[in-house]
Every structure is written in C-alpha cells, then in structure tokens.
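One structure is given here, and the rest of the page talks about it.
Every chain is named by a letter (A, B, C and D) in the order it is written, and numbering of its residues begins at 1.
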Amino acid sequence: MLILLKGGRLIDPVNQRDEIADLWIENGRIISPPPGRIPDQAHDLAGKIVMAGAIDIHSHIAGGNVNTARLLLPEMHRAMREAELPFSTAKWSTFETGNIYAQMGFTTVIEPAVAPDHALQAHLELADIPIIDKAALIVLGNDDFLLSLLRDGESRSAVADYVAATLTTANGLGVKCINAGGAAAFKYNARTFELDDVVPHYGVSSRQIVQALQQAVEDLKIPHPLCLHTNNLGIPGNVTTALATIEAARGKPLHLAHLQFYSYGDEGDHGMSSAAAALAEAVNKAPNVTVDVGQVMFKQTVTISSDVLRQFNGASSAKPRKSVIFDGDANGGGIVPYLYQENSFINAVQWACGLELFMLIEDPWRLFFTTDHPNGAPFTTYPDIFALLMSRDARAQAMSRLPEDAVAMTTLNSITREYDLNEIAIMTRAAPARLLNLKDRGHLGVGAVADVAVYSPDKDISKMFRFAHLVFKDGDLVVRDGRVTHYRFGKALTVRPGFDKAIEQRLARYFDHHFGVTDNLFAVPSHLLPHDEPFQEVACQ
Amino acid sequence: MPMICNGVRIDDSFAEAFPMQGTAIIITAPNAKWALQAAVTMTGFATSVIGCGAEAGIDRELPGEKTPDGRPGVRVLIFSMSGETLQAQLVNRVGQCVLTSPGSACFADLAGEERLQIGDNIRYFGDGWQVSKKFGDRHFWRVPVMDGEFLCEATTGLTKDAVGGGNLLIMGATWASTMRATEAAVEAMNGVEGAVLPFPGGAVRSGSKVGAKYKTMMASTNDAYCPTLRGAVKTSLDDDIGCVLEIVIDGLTERAVADAMRAGIAAIVKLGPQDGAVRIGAGNYGGKLGPFHFHLKDLLP
Amino acid sequence: MVEARIDGKPAGIDAAVKRAAEILGAARFPVIAGLGTDVAGARASIALAERLRGAYDHLGSKRIFADLDVLRQAGQFLTTPNEARLHADVLLFVGRDLTRVWPKLLERLAPAEKPELALEPTARKIIWIDAGAVPAELNGLPLVTLDAPDLRSALALVRARVAGKPVAASGEETKKFDEIAKILNEAKFGAAIWGGETIDQLAIEMLYGLLADLNKTTRFSGFPVGAGDNSAGVVLTSGWMTGFPIRTGFGRGYPEHDPWRFDAIRLIESGETDAALWVSSYSQSTPQWEKDIPLVALVAPKTKFGREPQVVIEVGCPGVDHDGAEFARDTGSIIARAASNSSGAPLASAIIARIAEQIDGAV
Amino acid sequence: MKPFVFALKRQPDQRLDLAPLVPHLIAGKSAAEIAAIQLQTTREKLTAGDIFEIEHGDAQSIRFEGGSERFDNVGHGLKSGSIVVNGNAGKAIARFMSGGSVTVTGSVGPFAGSALSGGILEIEGDAGDFLGAPINGEMEGMSGGFIFVRGSAGERAGDRLRRGTIVIEGGAGDYPGSRMIAGTLIVLGSSGALPGYLMRRGTIVLARPPAIAPTFVDCGVHQLTFARVFARLLEPQSAGAAELLLRPLRRLAGDTAALGKGEVFFPA
C-alpha cells in the first residue's frame, strides 16, 4: 500500500528538517516521493505537525512487579467504559497501555527492569501490549552469581560472558543495575547502602559492581549504556551520591535513570531542597553521561521499583497504607502506592527538581523524557508535562498552587526556557533512537520504519499531545483522531552480543547446585509467546 | 428623674455591657453532690477576667433525665474576652477540676459551628490509653483514671454572642437590708437560663471604676458609691443609703442578661424599701465603651 | 486420536468445537470455570470470556483469595524458595498439610543443609506451627513444633509474644510461645511458608503482621505454597490482561472484578449463569456445582463426570503432552515447562481459540 | 408529597445494578428518562421501565415495592432522602452512603453498608457476610453512621470498621469485628468464633460471646459512663442494645497481637 501524508510540517531533527513537505510510505517504510504514482491512501495534513513515532526509554509497563501492583490495587483501576477493542478500557492492563501510548503517538517503549528469572512473564506481558514495539532491560547487580564472580576476582571476560548469556536468555535490549549491591545487603539487614558500602558476604562495593557492569556493557558493544538506578534514591541530600556516581563513571558511557529522584539537597527548615541546578551542571560537563528525568506530577500513583531496600524504607509513607516487599532471587522489588500532593512541601520540591533538570540540562540529545512511569507519575501525564516544558506561563500557573516555601527551595521561578517542537522531537524521538542504536527509527528519512505521529497544533499543548490526529505503526494507520482503530502487535527488540558459550555450562552447574533447578527454566521460548516472531534483533555496535 | 416602683427608686440609668465569648458544658457524676463539687471547683476563682482569665458560674443543676449519661449533673457557663483565652481556661479548669473529681464526666452543652476543645486536649492525660468514641456527630474521649474512666466530649460549641458585665447596683440603708435585697435578686436571677453571676454568691461589694491614680491599676474602687467617702468625693449616694452591693451578670446571649436583670429588679422591687433596697442603679462608663446598654427603665416589672 | 464427545457420543473435533461455540454463544451470561490450564490456555479463556461477555473463575479460588485478599488489603512480604533455601537461617512452617499440597517442599528448601549465603552458616532452626505428623526429613534437625488446635489463635499468640505484648495464656503455654518468639526475633533472615487448608485469610493476615513486626528489627519474609492447577499463573495472566485477578466478568463490556458475584458455583447455582465451559488440563477435576446447565468440558483424558456434559474434548497436559508456560512453585515465577512426553493431544488454548473464532462478532 | 415508587413487575433473570436509582441521580429527570435508565449487568439490556412500574413522586423518598436478592447496590452513595425496599435486596446495599436512610423489610446479601460513612441503614431481616466491610482492595470499612440489623448477620460483620455504630439484634457469624480500626459493634444474639481478631481499636459488645482468643486480656468488670451515654443515645433505635450496655460488663483488651487498643465487652 502506498500512502501519502500531504503537506504537513515535518519536524525531523535527525535529518535537520523543519518544513512543509509530503511524506510517502510503502511496505512499512518511509520512501522517496515516487514520481508519477498515485497513492492508495492520501491524507491532507495541511496545518498538521508530523513527527516520527515517539520512543519512551524508561517506563515500567510489564513484569512481575508491575503485575503485582495491578493485583495490589484493584480498587484503583475499576473499568467503567465499554471497550471498542478487546480489553481497551481495562485499566492498567497491557491492552490499555498499548492503546494509550499509541494515541499519544508513541510507537516504541522500553520496560527498564526485568529480572532474569521473570523474563518469561515480562515477555508474555509485553507481547500482549498492542501496537507498540517494546523491549526489556535486564536487571543485574544484586545477583549471587555476579557478586561471587567479583568477590572471587574473576576476569572481565567472565563477567561479560555472564552478562551476555543472561541477556540473551532473557531477550533483553540492555542491562539495568538497581541500587547495586543494596538489595543483596538488605538481605543481611542493611537499612542504608552507599556507593562505597560493601555487600556483606561478598566484600564488594556498590561502586565496584557498577563499574564491572559498565565495563561488561562496553566490552559487549551493547548500544544502550548501563542503565543505572543508583544508591540513596529519594533521600534528601542525595545529590552527593549522584555527583559521586557521575565521577565513578570515569568518562565511560553511563545512563543515569530518573535523575530527578537524586537531585535533592538537605537545606532549609524541612531538610529538603533542590540541588537540581548543581546536578544539571555536572551532567552538562560529563558528555559520557545520559540521563532521563523521572518527572513527578501531582497524582495518585504506585511506586514500583526493584530497589527493594528503598521501597522497604518508603513503605511507611504508602498511601493507601499497603505494600508488597519482595526479596527476590536477586533484586526482588517493592510495590508502594503513593500520592503526590500539591500541598506537600517535599512533593512540590520534587516536581520542581524534575523541571529544573529539563530546563538546565542543555543538550537534548542526552536528556530523556520520562516520569519513570509510574514512579514519578503515570505515563498518561506526558501531555501535561510537554505543556509545562513548552510554556513558562503553564509552569508559573502550576507553581502558584504550590507551597511558596517549597518553590523558594528551587530555581524554577527564575527559569525562562521554553522547549520548541524541535527540541521535543529530539528528546522523544531522535535521541532515544541514537541511544538504542535504532538507526531506522526516530526520524522521517527514507528507509526509516514508518512509525509516524501526526498532531493537530493546539493552544492547549496537552490536548495536542494526548490525542494524535493520526498514528502509523510500520506504515499501518492505527490511530485516527486520537482513537485506536484496530490492533496489531509489535516486536520486542533485543540484542544478541556474542560470548563464550562455556559460561552456559557453568551456569547450568550453578543452577543445579545452588537452586536445585535447571537453568533453562528461565528461558523465553518464542513459541510460548502469543504472536509469531516476537523478537527483533538490534545490532550491537 | 428616678422612677419609683413599690417605693424603690430606680435610676434612669443603664448597665453597660461588653461582648464576650462563652460556652456551656454539663458535668455529671454518680450523685448530685459530686457533680456539684466538680462544678463548684471548676467555677471557683472565676469572678472577673481581669484577674482570673475567665468568668464562670453554675447555670443550673440537672436531674439525671436531662443529662447525656442519665446521672445527676450541673450546667456550667464559662466566659472570656477571646476564644483563645476561653480555650485555655476551659481546658485548664476541666483538666484540673473536673478530670480530677471522682466519678465525673464532662459533656458539651452548646451547639455551634465554632468549637472549643475539651476532650480533644485532655485526652493526652491518657498516655496513649485514651479511647475515642463517636456516635453520629458526637465525639467522646474515654481517659482511664483510678476510679474507672473519665468520659469527656471532644469539643463543645463556642458562642461569640455572649455578653458580660450586665449589672445591678443595689442600694439600701444598712448592710443587712441591702443584702436581703441582693440575695432575693440572686435567687431570682439564678432561675434564668443561660446567665450566671460570677461573683461570690452572686454579689460583689467592691464595685469598680475604670482606671486609678496608680498607673499599674486598670480598675479601682468605685468611690462615688463608697458610703465612707460620701463627703470626700463627688458621691452618687443619697442620704438614706448606707450600703451598696452589686450583681454582675454574664450571659450566653444579650437576652439572657436582660432577663436576669429583669428578674433581679422584680425581686428587689417586690421586697420593697422597708426590708430591702431603697434604690436600684446600674454601672456604666457613659455608654462609650460597651455596645450593650441595658436600660433599667426597660426592665421594670 | 483426539477424543471428543457430543451428548455422550463420540464426535469429531470440528463438530465438538462447533457445538461448544453454539452453546456458549447462545448463553446470556456464560462462565468459564476450572481454568486448570497454562498461560496460553488462560489467555485464550479470558479472551473468550470477553468475547462472550461472560465471567471466569478458577477451581482453586478459595485458596487463591485467602492469599490475594491479604496482599491487597494489608500487603505482603514475599520471597522465593531459592532465597529460603540459600539464605534462611530460620524456617517457619505454618500448616499441617504443606507437604501434601507441595510434596517437593522439603526437597526444594533442603532444610538439613546449612544456608549457603548466610553470613555465619549454622544449622537452620525450624519452627512448625500446626505441624501434624512431621516429615521424616526433619528428624534430627533443631525443630520446634507446636500443635495448634486453633491455628488462628496460635499465630496471634506468636505475634503478640514476638512484640512482647501480654496474652491470656497459662505460664506453661506462654513459655512455649516465648521460646518460639525468641527464635523468630533472633533470626537473621527468616522465611515463613504457609498454605494448605488449615489457614484462612485472617490467619494469613496475622502472619503478615508477624512478618511486618519482625522486619522492624531483623529480616523475615515468606511465601505461600498456593493452590495447584497453575492457579498463580492464571491469576497473573488475568492481571495483565484485565487489571484484575480471576472472578472477573465482562457482562457490561468491560472487566468487573467481583469475587462474590463471579464465583462460578454461585453463578450457576443461583441460575444467573446459563452455560459453562469447564477447563481442567492438569487433573481430572470436575465441576463442583449441582445444578444441571449446558456444559462444555475441556479436560484431561479419562475424566469421569457424574453427569455427561453436552460437549467433551480431551486436551493435553502442559509440561507433559506439550510445552507450556506456567507458574512454578519451584522458582516462584512463570517458567517455560517443556513437554516431558510430547503427544499429539490438543492444547486447551488452541481449542478455546477455535471456539472463540466461531462466536458471533469474531474478527 | 407521595413517594417515588418502583414496583417490581417480575423477578429479573440477571443481577441488576440499582446504583442509578438514588434521589440525587433521578431528581429532575422525566418519567421517560428514568424508565430508560439501564440497570443490566449482562449483555441483555434491561431498563428501569422494563423491570418496574414507575410511579412518579418525591425523588427524596424512593420506595421499591417488591425486592430481589438480585438487586445490587441499592442506595449506592445515598446523600440524603430515604429509600425503602419492601422485600429483599442483594449485594452491597447502601454502599458509600453518606446520609439519609435506607430501610429494607426483608433480608440482604453480602457487603451491606460497605464503606458507609453517614446516615442510617436498617435491615429488618438478615444481612449476609461482610456487613459494613471494605470490598476487594479497599483498606477501610464503614466510617460513620449507623447500621441496625434486626435479624442476624453473616461472617465478619464490621470487618475493618473505622467509625460508626453497628447493632445486630440477632446473631453474628464468625469473626465479628475482624480487623476493626475503631467504631462500635454490638451483637445481641450469639456470636461466631474469634470476635475482634486483629482488631486495632474499637469496641465490640457481645451479649453472648463465644470463647475469646488468648490475645484478649481481662481488664475486669465495669459499668462505664460511655456505655451509659451510648445506651441513652441508642435507646430509641434499639432498646435491646441499650439494655445490654447498662449491664455490668467484663472488659477484655485486645487484640494484643495487633495494636491491642480495642476492647470486647460482655455481661459479667
């Protein structure tokens, strides 16, 4: 089928285009204008904005902890509306997730925390998210096997082989590390865990674990740098941890996840202040570092994290007052419902911290748009955040509802920057594709996958981004006027780094001896997933 | 020119009164004796806001059928110039005098949107063992004490429409005849609901004027009514007056104060000048200080 | 050779599927019950329920909700069998039928071995409340058992004494509970394992409270042995598909979760449901309701019915006849179970999908 | 004004959701609009007009003439006014009610008065399990108001009760007052096993208690003033409850396995 998107304003930072032009699609790809051919389908996009489909690099949409959150809070997601497509109104379901993402013009979403032993469930869930492509980052760094390798001083290649084998079995796109060593130390009753604290029994520090994984990712040429959720998340004064972690990266690629949660000083009467400006400056000076924000919005949400130590400590502020604390085989996790409130001093500072990072980190190619869904806010708030980024007035209006003393602990009031659509397109399309080495995504050039989002410009920026005018996935028109018209199912993106297969036998012996089970229990056989050819490989660099 | 009723001269004057804030509570106990004891103790040393922080008195005693817990009780009114002071005085007095009194319980007895804490504050005496109980809109605290539990309503209503400083000046020939008239008036006034007479036995012999020669004194003796100074100052006394006593009235409403004054005047008039008072007057400051003016001529029997 | 019957007579599978679709498609409010099937079977069943605008339930509901209601009304501390095996210096077993419910329990936890990942590997201490007959594997281990005529009161006593609170028990009794409390309080990383028929929801909530109290000063977690027939896998699948666990219905075109309304037995006995699909591929379980309503059964071979269903199709067992994804107690996660004795027996998921294709409105 | 009457034409085949038939939702609607309100819970559409003969009247005073155990959510979220069911009702009657009154002459299903926060629910027959209790993942049960059950209640009456008063004049099933957060539960008939299991605070008064768990400790026999007050306040609605409260009562404090600041009373 030949499709013509006629006369829209194409915003395509990769190809440095911002102009009124036609866009042609055929067989799921963007093609050069075919001279003399008549399109099978044509859309007049005069006055519309055309961008590549958006890519979310960090959103907890599947896996054991996410599903536990669903089961923990049935009272929070009662469906009320008849479905047009199966399960499309089933709140918090995989189906609703795909529907809402697609309606906003997102076409690829990364689930950033899949435990290797829960990879099959995560992929079963991802497979049931319609429309979008997706991927999983695999969590390592609290696992006995890795910590034992480090304790025993094993070689860099042994670590890399283990990482590659695990990633391959679990069908991941990259490696995530969450409070390196902290979850393991929590099993020995540690209640805090710093960058240079040592995991009992193993004698290795958090810093050593991070650096070993960072090295392995680099050695394996995995595109996505190690995605790090570092120590002391959410604790006032933790900016020192974040700054030390940037130092610890030693100039090598590192992705710091949901940086907002690490941008806190401990000044003022409440012992909580924004240190986002200092942190942004450090990020500006460290070209090896990429970050995503983890913006907070004022809403009921549920925090879902494999940082079980932090979640245990946070469980006392659960609202409603219930939580699940899971000591898993490695990280485990904690599910703690939480209500961000405008009248809360701390929440107001958190909200401002995120926006300060957005505004003060200069390079949109190294700054990613996230709420750490659902930890800072549900991904359904994205359109509202775009509005805040693009309008100083919208920020001022939002600030006026917050405690003045909280706003005073931040620099947000003095910031005038307003994002333009080009910067939005870099942050949500071009940069994520580059980060993940997805050469045929995130742009509108010839040969790119025809993931295209068309928006109707509106004074109400939030409305514009909430309901895309049209969305194409692989050249298939799936959203019209903000509503999904039919389902299709995308792929899970994976990497397949090469490694020495000897590690597999070693792992088999390990599982047999330690756990008394065979390691292939954790395999993710594609024939057990509901759609054919569920995976798509992304090349290592 | 004075009016004359049953031979008693009534000044063409008025009592000048001030807005106060006030509340009402009911104190109960296993018997009337201990209910009254708690009430008397709580309303002790509550004659004048000038020195006592609050003005308080017993409004009336209640039989079991009329109290929330079916035990004998006493209704107490307490007044002060500000809500804050009233709150502090209420908690202090209930805490020191009612909580401590054997068998007592304490209930709100005034409706109102604005609330004063009682049990909400006193509960902390329970050291964590206090128990909150709600019934519909009513909220009680149960505080364990050595004879069982002190039950105390969480809050009571606050009125800002209270009136303090209604008064009658009772003037007679001798102390004995003046006191007879005063006692008759007090007894009659005690029958009026919503008003109390905060001074000892309802009577005050040290009526005051505003200010003094001494800078530290806000008020000082009302020399114009002191019989021993009648030649030395500009006196207000007639030749046949050898003694003056005053009754001060605080009420939850302007109406209650007026009713009490009316009842008092009637009792004095009924007694007549032979055995009682020859003249009734009222204290005022020229009408510039207090917004409530109770003209005696309007309160005649 | 696929075994299928219509009204008790042998039938071809196509005819059986067609008849099944007619029965279910004609119903006002059908229910899919049993649900003893793998993730694919659960997924197909839930999708069919959505299409039929019916409801679904699992044969292990009672046990499922005993645990799930605690999790969602109070919270939970959870760990895995691996962690209990490698870390736990104290094991707290609750319920006399744990090893009957999960025969491999002790093999998995290897209680006789010292916990390899403990800081100071010493012999494990084991407490068994409501022990019944203690399995031979535990002979010679440091074991404290407590016979509890009333398990609920026993757990309450343990929790109260762990927190040093007063109880109304004799000195002798209190001494016993204090001994247990001391072991629990001194655990470095303890693991509680509960389940079976003797523990109800409130007792589990009491146990959760005990874990919460212990975690104020030390580490303690646990896991339920759960119900069989892939109940946990079905609940998880239902979770991501609808947001809710089993006992969810689609009568109004969107998922409504209601453990009382969508209890399959209640639905059928009350007459609110007028046709049922029974799925049991792990065991020869049969429906527990009395009422005679049109029934389609996808069951393990040789399943015996008191009353012949309108349609019977025999299906394979996941992990035996065919590969399947299912929840494994061994790991506490959904795993890929390869066929141990691969056969041509049809997959429940495939049959259900074929039935769904024939329902009106299929796309 | 005469009441607004919904007279049942015939027993429904399916459960009905009567939540839309409350005063604040029908006020101002025409007869045709009300008759068109959909009440079905299956794909078979059923409107109010299909099920009831509707007699227009004062929307603040609704009467159901003829009930059904398939009537769910009667009086859901009632804010003011009155609803009378002349017959039985199903699940979750008066759930989320915050004011007004709901009266049922027959018996009701489970979760009656669930999360009720104000007003009066009176059930002349029996109530099912989980009277006043939270549903599924909700953390709090009834949080104010009154429930009077003239017959008996099922298991776990007053589960997670947080505030308010429940009087059951008949018996109660197992675990009355389970997990109570606060509030008052009074049972005049016999009670099932383990009253007050896991209760944190609150008051349970049982005329005929079963054996009580060992995590309730004896605090002696008392005649407490609060009981006298409650007796007086309850007298007009339940003479039996008032009579029970005025007797000398033994006080057990518990559940000491949980917070332990609750109490179970029974006649000495």
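Assume a contact is a pair of C-beta atoms (placed from the backbone, for glycine too) under 8 Å apart; a residue touches a chain by one contact, two chains touch by 3 or more.
What you see is a predicted model; the values in this text were computed from it and never measured.
Graph distance from subunit A to subunit B, where chains that touch are one step apart, equals 2.
With centres computed from CA atoms alone, D is the chain lying nearest the middle of all the protein shown.
Separation between the centroids of subunit A and subunit C, computed from CA atoms only, is 33 Å. With each centre defined as the average position of its C-alpha atoms, the distance from subunit B to subunit D rounds to 47 Å. The distance from the centre of subunit B to the centre of subunit C, with each centre set as the mean of the Cα atoms, comes to 72 Å. Contacts with at least two other chains are made by residues 72-74, 322 of subunit A.
Residue positions of subunit C touching 2 or more other chains: 72-73, 252-253, 256-257.
For subunit D, the set of residues touching two or more other chains reads 136-139. Going by the touch rule set out above, the chain pairs that meet are A-C, A-D, B-D, C-D. If you check the complex, the residues on subunit C that touch subunit A are 39-40, 43, 47, 50-51, 68, 71-80, 82-83, 85-87, 107-108, 110, 116-117, 119, 188-189, 215, 218-219, 221, 235-237, 239-245, 252-257, 323-325, 328, 330-331, 333-336, 338. Against subunit D, the residues of subunit C that register as touching in their complex are 28-29, 53, 69, 72-73, 152-153, 155-157, 159-160, 163, 165-169, 173, 202, 205-206, 209, 249, 251-253, 256-261, 271-272.
Looking at the complex, you find that subunit B touches subunit D at residues 28, 68-71, 105, 129, 131-136, 138, 140, 142, 148-149, 151. Of all residues in subunit D, only 135-139 touch subunit A in the complex they form. Those residues of subunit D that touch subunit B in the shared complex are 144-146, 163-165, 182-184, 201, 203, 222, 224-226, 228-233, 261, 263.
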